[in-house]
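Could you have a look at this structure, given as structure tokens, before my questions?
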């Protein structure tokens, strides 16, 4: 068997499952046989043309699997080992990496390689570059179905919470409770937030949000969420707000619901609306309210992955609750289109190979 | 009723309940009618002579109650309001306070006023100095029995965890699971530790430790705890270790179980053994292992108290599980002596007025 | 002598020197006899109507002088002592103060009291509220002419540099080299920046900027400053950029000249243009470039003042080089109007009483 | 020419210059032709037997030179290019590296490779492992004589200052003004310390210390340095103290001269006295004085090197002032023995090839 199936974007607006050669690892690489993947809304954005990628590139960046072939310079892994790889794959050697910004490896967003710079991993086999620093063994006690959430959702969501720079007992709001917003809610709970406002209107997501630690659900169909949060806090607002939706209104809402001294943490992907984001001067105290705004890309590397696995091992939270649907890879396009149309309360579809 | 009962130390080695005048508040002070107190091991140390205090001083620094009388410069409180006060009471105006070390108010350990600088609060009434920045209203949803843990145990324990400077998913060890060590375990759980090793031999405390988030119990009667932790981590050690016992052996163990780059966080009160603490050169990498050692006193002020109350309101943990015994104030000396003799599995005795 | 002269704003658009009663100190206050003041561009903004203040209020917030009268609760000062007071005067007791944002005392920008909440200090005498935490003795070796720069210019400029969160050897840009921008340049030099780009077209300010540590002067009349900085850094940009002008173009330029991972530090007062500030999505990596934006108000309190005095004592920099003009208080309105019209290369006019 | 000269330790207690083959680079390596080296006191310690190294190993870890041969996986360099390499050479891929402790690469002190794990660079040619992340081009405007100080002295000294976690205007003390202590003084000046106490008795070093920013020289032959610093600060002490000597007395002095809340930063190599370091309980506030102790090894990697070069380019300080003696490589053993005997006011001998 020297060919494999891969989900590709033949051209903007279309997906297809095609045959590609099974890749061979370079000296610093490992090839993984995929067992489980998640479809990401970023893949949907890519197919819509948000990212300039080559026609025919394989999609996907959230996959786990088994070690298939190991490059000559890579030690510490064995064939058949259960492994995961983050969506962001830093070289860890360039100055941006050494300076503390590995996601910006060799340039802006440069750590994001799958689909953007090379074939992604919604395929039966995929290449892991810079494997020594990036390939992560999955502990026996962590299921692959849970581990696959570490590739992007949990790592990005937790970064959203980390960028809130919480003091113990700080309050926070998260705008939108899709998979990354829900993961941010888990992150806030893990990092010592007290009251957590989750802005969401879909009942299933509201319920899951409570399970993950939200104390207050704000349904934006019942009134302006900024007003609701301000009213619930006696006009004070929250210490930090996470933008997990990617739209100008939620961005601005984050600035409005934060107290003086508050932090706005962006994890939303602002690829749908191209106008500049706006910072309203009243909410920003004319530049003097001691507010800060933080942004970032999914933190990669196998240390990050193993930290998340260690947290999964504690059993404090269960990310597989976000898996609303499961498809075999034969049906990956169906999962893709359900996600695009937000059908049937879908949060995150799991693809099983 | 112009006199009240107070637990005092008439001389080193003795306690007594005596009558004292009910205090009047100065302009910046509030007088509180005590409803609930906890006895602290520090009180035991004080009676043993560890702290140079005046004979006859009232003991105690962990109490909550009702506002009884309000000084002329204090606004925002009303008589009968349920309130708490931290064991440490900074002025918040001196340079140490402004520099970020309010516990060191006006000098080393200067924020520690009760017993050390003025009458403590194991009495029917007590004075709250610098009330505007220190008196904390207790939310309706937080019981006084829980709130009283914020005065010292939770605030100190949480500081122990804060001084671990955890990255998400870091591992930690806590040496001893008395009330402050258990509180540190809660703190580690709140702040994103993954694996938490709790060193403790008493079964009831081990059980409580698990409830509060410890993943691994290390029973030091079953072998050297350093060796046990190193074995359990494949020889790597932990990212941070909390000294919550106050003895040279546990201090040194903290240095030995931490990885290169690790943090040692001291919350133990080292008043029993007067020899200098030792930093073994091998565990310290001859000064080059990137380890750090952190210390501190219970963080005070009403912002800290209200942050802890906000966390209590989430219901994520229940400090009253540490209350193993309850006494009326008439029996306070009995509680005191049971604590001294560590009788009957006592962790923390609650005094009810 | 029971009356004094004060520079007031009788109504929007006008200033006048009028007689007012010499104030008496309240219990926590001190009254200072002014010796030296600086006029701030904020005063100009206020007179233009940017800040909703009462007609007749005294202007000014950058003054030093001699202790004249001491409130009953204030200790540690004596009549005739040379003292300074920051433009921002926190209570240091409220939750915002305790949480680390004293500039936001009791609410957004609440530490800014002079002119905004009470008479300012462009007057022969002025009141210092919360004196224990705010009145700062001036060391003998620091001249009043230098000390007066600590009240706002150096404290704000240094904050601009602090908010760059520099790692040793980071590069930075400062947009505009007025007094606060020049102070930010001093701050960057003090905090370990390597290459410092100062954007300024006026030769005298360019020269002063070099004296204060700028390594590269960017003259915006010679081409787009963003392009010039990008070209000078081989297309990489800088690690941090300080907005010290208060206009949308320079704000946006800051976002554009920073590298992935870069920090934008705002100290400009955005009171002239009321449209929201804009964050261009390309420069912001669609929210994923690991950039952060920081803002704040002049850090107040007497610890801050004494830290700046301690730095002045080292002789590493001389803020009085920014004093381009000196007026007696009789001519304060002349200084005011020269500053408004940016006449004669004026940077900062000193008022001597 | 297939052999070269190298300074080796044939056995404990002896040095010799011997012939060795010129090394060939592995795929990820570069071989450098040495032009300038510094002898380090660590080399002296090694020869005394402090470090378990193989007999015959080449000494030295502070060298710069010209690119001689480039491994097959290394890009971005060319033959003849002027380059430097830090004394510490992290892989940047292991979990310790990714976690922020690259000096502890793959284990305690693991980034320290020269002499400890492979031949050092007091030789005519030397190997640079992990070259992509570690080999640093030297800018044209930085002399090799200055650049060689970045390899260890400046990087370690600056870390000493970084570990003081200074707030602007904090005060500091440095114990001993050898080359690394002097570099720490430069670092404190670069990072915003105000008053800097330098403890040193040798007049030439005192003078250099002032040139590098020390404001107060404490001559320990004139009285206990702790008492002198306490007296000079009105009994308050300093905010941070750097141990740059490596002896128990100076370590303890650091704990004694720091204020409550103070930081002790260790850069001394404690290889001479094997007894544990001691933390006196009074100076440590029985564990409650909010003091912290920090340690570390020379920060490596080419980002660090280039940051230091960028600072050298500003001209704010001149490390070559520490070069008291210059020898050709033929006389390297003479330099070695002069350093061992601290002859002729030697601070740092430069070896020219």
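Per-chain residue numbering starts at 1, and chain names A, B, C and D are given in the order in which the chains are listed.
The rule is short, and it goes like this: a residue touches a chain if its C-beta (ideal position, glycine included) is under 8 Å from a C-beta of that chain, and two chains touch if they have at least 3 such contacts.
Just so it is clear, the structure is predicted and the values come from calculations on it, not from any experiment.
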item	value
Touching subunit C and also subunit D, the following chains	A, B
B-C against A-C, pair bridged by the larger set of C-beta contacts	A-C
Between subunit C and subunit A, distance of the C-alpha-averaged centres to the nearest whole Å	41
Residue numbers of subunit B (touch at least two other chains)	99, 167, 306
Subunit B-facing residues of subunit D, complex	96, 99-101, 103-104, 107-110, 112, 167, 243, 246, 259-261, 266-271, 274-281, 284-297
Touching residues on subunit A, where the partner in the complex is subunit D	27, 73, 92-95, 97-99, 130, 132-133, 301-304, 306
Residues of subunit C defined as touching subunit D within the complex	158, 162, 167-171, 187, 189-192, 194-195, 213, 215, 306-308, 310-311, 313-314, 316
